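There are two complexes below, and they share subunit A, which is joined by subunit B in the first and by subunit C in the second.
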Partner chain A sequence: MFPEFVDTRPLRRAVDDALNWVVANWGGAFEAAARPLLGLLNAIQFALLATPWWVIIALVTLAAWLATRQWKLPAIVFAALIFLGVMDLWEDAMITTALMIAATLTAIVVSIPVGVWMSRSLRVRQVITPILDLMQTLPSFVYLIPTVMIFGPGKIPALLATIVYAAPPLVRLTDLGLRSVDPAVIEASRAFGANPGQRLLGVQIPLALPTILAGINQTTMMALAMVVIASMIGAGGLGYQVLQGIGRLEVSRGLFAGLGIVVLAIIFDRVTQSFGKQLQARIGLQEVRI
Partner chain B sequence: MNAIRYDSSDVAIRMRNVTKIFGKNSLAAQALLDAGRSKTDVQAETGCVIGLNDVSIDVAPSQIFVVMGLSGSGKSTLIRHVNRLIEPTSGEILVDGADVRQMANDELRHFRRHKVAMVFQKFGLLPHRSVLDNVAYGLEVRGVGRHARLEKAAKWIETVGLAGYEKSRPRELSGGQQQRVGLARALALDTDILLMDEAFSALDPLIRSGMQDQLISLQRSLNKTILFITHDFDEALKIGDRVAVLRDGVVQQQGRPEEIVLRPANDHIEQFVRDVNKARAIHVSSIMEQGKFSVCDAAVPPTARCDDVLPLFAANQWVGVIDEFGHQIGRVTSQQVIAALARHTPPARQLLQASPGEQHE
Partner chain C sequence: MKHFWKGTLAAAIIGFAAASMPVQAADETVCGTDRSIDIAEMSWPSAAALARIHAFILENGYGCDVEVVSGDTVPTSSSMLSRGSPAIAPELWTSSIEKQWTEAINEGKVVKLSDAITDGTLEGWFIPRYVQEAHPDLKSVADVIAHPELFPDPEDPTEGRLYSCPPGWACEISTSALFEAYDMAEAGWNLFSPGSGGALDASIARAFLRNEPILFYYWGPTSILGKYDAVPLDMGPVDAEIYACNTNPDCDQPSRKTAYPSSPAIVGAAAWVPEDAPVVADYFAKVGLTNDEISALLVYGDENKADAAATAENFLRERKDVWTTWVPDDVAAKVEASLG
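So, the complex of A and B:
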């Protein structure tokens, strides 16, 4: 046994007390701050559920066709969506999709500026990289518990947990994409007197866009991977079905809901990837591999 | 914002004792340099690379100044100092009297937008934009409206011979075509000063020669000041009003092209000169006999080069040299030309040293 040098109990107690204090005094403020997020999530969910199923199938299939201009991907997407409907998973799939979209949108709004900031300063990168590592490796329950304590079980902690888990790859890939823009091009824009804004929007972001898109793709995938855990704290959706299947030892329920998640992942992955490839071809850059 | 004060001095670009040391340990490197150690020694001992070592050049307005040197001699480093893409370790850089090192950020941007345009050795084109938008880029940064800048860009695309490629992406063009896009992008800005880093290196001989002629006539008609980098001595001789030879970051010799050809300062330059077409470098005025002679059938201006008079000797014993008013000021014979072109012939050197070649600079 490792000898006990110091008594860590006061430290633990201090952490717990601090959290309780925050919950007691700041809970309302936090909840108010998170309300826009909740509004976003609810709006997306409402829109998805209010739209007739056949409209959604038609739109997503059309998007798949626009992304590839071939019949193969639209056919797969169409079959996958029909599967969700037939297996009585449609509503849960829409709830899960809404969570994923809300988390991805928030992640985009937060991550891209952070990635831009990181790409500009070595010091910032040195500080943020370990934080990103922490966000990706810390078991999600560790931060779920305090968020549930602050917000109570429900959609907000689920959304926050999903964002925390899904945002890091986008930050990293934004940073990488911006830093790997050909220095000769950057130099030319400097030589013509471009200011930092002109350089960022006119040169760096467009050239880093394929990498940033790869990051968005990663973020959607990570968000979907989070849905089972998110459903444990009240997000509902496909993850909730999986959870119930496990709880009731109803293998079929868990299996089909699980397959539903896979199906969603395939749809979003393939469609966003195809759009990314199309964009690369248009910009005329090499394919980005990560 | 336009706080930069330019004065119309007799020097457009002045670099004084500019030293650039790449690397962290620049103080130690400087000390070694001061002690007279070579670039390789300094690099071995401190890990610092010497980019430029005590470079001083003066580029007169409306002049084509050529910096010439082998690969790695510091040419690109030198030209990047003029618009401060690189900060010097020490030294002074003045452009039309304005101290480039003292400029604040917005002054520097204004200076880069309106005063100097640059053509890059590695092109530096924007891969996500069409040729037309690439050429218009400098104007866009300057804030010129869309219609005006595209019109100007289209004109310059035509001038560099790329009409029909406006909609193409840079990657769809050959290296030489891309280089011409870079050229058009700089020319479209219509700045007083052009910085051209091996701007013709990727062109085939025919287009290259055409571009050189175009550059010379452009410079004559618009009075541009051009700092031109090349590793090709023939090119330097053809277009340069003045040439500086750079080696290991040190300017080894500078002067008019013919001075360098006729009196190379050291063996290194001598080696360049050996393979060069000297007929193209030497002006007839520097080898002619002065005075009036009987009326001649063929005559050339004093700025003509030996190259230009050679064909005339097929039909004439000698060729007259006339000034801009048509008065004869001297003559050259085929013997004089041959003597000047032959290397290491003492009589030729004596003749040259006695000649009043410096009269028109």
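So, the complex of A and C:
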């Protein structure tokens, strides 16, 4: 056993007291600050639930066709959506999708600028990389319970936890994509007199777009992976069905809801990937390997 | 022939009593068995602390060979009735395993040594005391249901929110049934599932820290009820039949109102314990604690960040008045000596 040098209990108590103080004095302010996020999530969820199921199936299948111009993927997507409906998972699947879309949108807004900043400064990169490692490896429950205490239970902490877990790959891949742009191309754009803003928006980002899209794809997948954990703090949706299945030993309920999550993942993964490939083909680049 | 059998039986009983007599009558109380007594330490804090308390007393007071093994209601009870190990479960809630447990008792595989919680367990809907002080008319569930505006749902402030039980727990079904029976959706309430025990605790802690109103399902004895001053709402009389129907998914009758029945938490033991280790069985026959005593025990653990073993040691130091009544004087002296 490691010898006990210091008694850690006062430290632990101090951390707990600090959290309690924050909750007691700032809990309301934090909750109000997160209101816009909740509004975004509720709006997406309302739109998804208010749209008739056949409109959603038609739109998503159309998107799959536009992405591939073949019949294989639309057929798979169509079958997957019908599966969700037949298995009585439609409403839960829409709630889960809303959480995933809201998390992905927020992650895009936050991650791409951070990725750009990282790609421009080695020091920023040295600081942010460990933070990203922390976000991806810290067990979620460690920060979930404090988030519930600070923001109140329900969708807000679930959304924040999902963003924390899902944003890092997009930051990393944005950074990687921008750094991998051929220096000769940058040099050429500079020679033509492009200012830094023009270089970034007109040259670097378009060339890095396939990598960034791969990052967005990763982010959607990570967001779906958090669905069950998000349900443990009151997010509802498919994850909640899985939890109920586990708790009541109803293997079937857990299995079907779990398959529902897989189905959502397949739809979003294949469709976004196909769009990415199409884009790469248009830009005329080889597939970027990560 | 008949007399002969009766005679031998009587002789056997006397013989058995005589054999166990010396243990009782000797100056020193000893364990009386070579078998290792394995005590199940359940995953929730009160059972874990109780396991540590009993393990300490048996090991240091009686000189038993004690082992603490981790467990949970279903795995521990099934292993106890199939293999006779763990020997002791110091806080076993039999309501969730009622059928198997009753069968096993009838087959003589397990025994109930005593009630772990003497004044019964507590389960129901709670509001903070400061809310009741501000609104003294909030006494029963019906009073609270009439005022959803006092307990607003942060995600939809026009409605009230009832914090239910985590998914998959038996209380989730019973709470949802009561939500229906009281027509709470009509009265402007949302049933909110916190998703996990940790999130439910965090929600309650947040409300109490911020002096906010909250209506929540909870049970005791727990550190939450020990730490935060919550008052149970009057839910009317318990009707076991209605409760059974409410919690049974196959019962087609509509949900009806009832209070939560007090579920028994017992000291369960494998059948060999009273036979091979009567001294240990005798000890466990007296070890019941009240709700308040257990909650106080848990609050110490919670506030001092102490693990189950440290919580148990503190109990043994601080509550001599309680535990010394469980054991003979010489055992009490030995336990005190080993506490240092």
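Here is the rule we go by: the second predicted complex is superposed on the first by the 290 of 290 C-alpha atoms of A that agree within 3 Å, B and C clash if a C-alpha of one lies under 4 Å from a C-alpha of the other, contacts with A are read in each partner's own complex, and residues count from 1 in each chain.
Keep in mind that, in the parts below, contacts are C-beta pairs under 8 Å (C-beta built on N, C-alpha and C of every residue); 3 or more make two chains touch, one makes a residue touch a chain.
Quick caveat: nothing in here was measured; it's all calculated off a predicted structure.
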Subunit C versus subunit B on the shared subunit A, clash or fit after superposition: fit
Winner by number of subunit A residues touched, once subunit B and subunit C are compared: C
Partner chain in contact with A:231 - subunit B first, subunit C second, else both or neither: second
Partner chain(s) touched by A:23 [first = subunit B, second = subunit C, both, neither]: second
First (subunit B), second (subunit C), both or neither touched by A:246: second
Contacts of A:149 with subunit B and subunit C, given as first, second, both or neither: second
Partner chain(s) touched by A:206 [first = subunit B, second = subunit C, both, neither]: first
First, second, both or neither for A:139, with subunit B first and subunit C second: neither
Contacts of A:52 with subunit B and subunit C, given as first, second, both or neither: neither
Included angle at subunit A between vectors to subunit C and subunit B, based on C-alpha centres and rounded to the nearest 10 degrees: 150
Smallest separation in angstrom, by C-alpha atoms, between subunit B and subunit C in the superposition: 46
Shared contact residues on subunit A - subunit B and subunit C: none
Subunit A - residues contacting subunit B, complex: 182, 184-185, 187-195, 198, 202-203, 206-207, 283-285
Residues of subunit A touching subunit C in the complex: 9, 12-13, 16, 20, 23-24, 27-28, 31, 38, 42, 141, 144-146, 148-150, 152-155, 231-236, 240, 243-248
Subunit B to subunit A touching residues, read off their complex: 83, 85, 108-114, 117-118, 120, 122-128, 137-138, 140-142, 169-172, 189
Partner subunit A, residues of subunit C touching it in the complex: 154-155, 163, 166-169, 172, 192-196, 198-203, 205-206, 209-210, 303-306
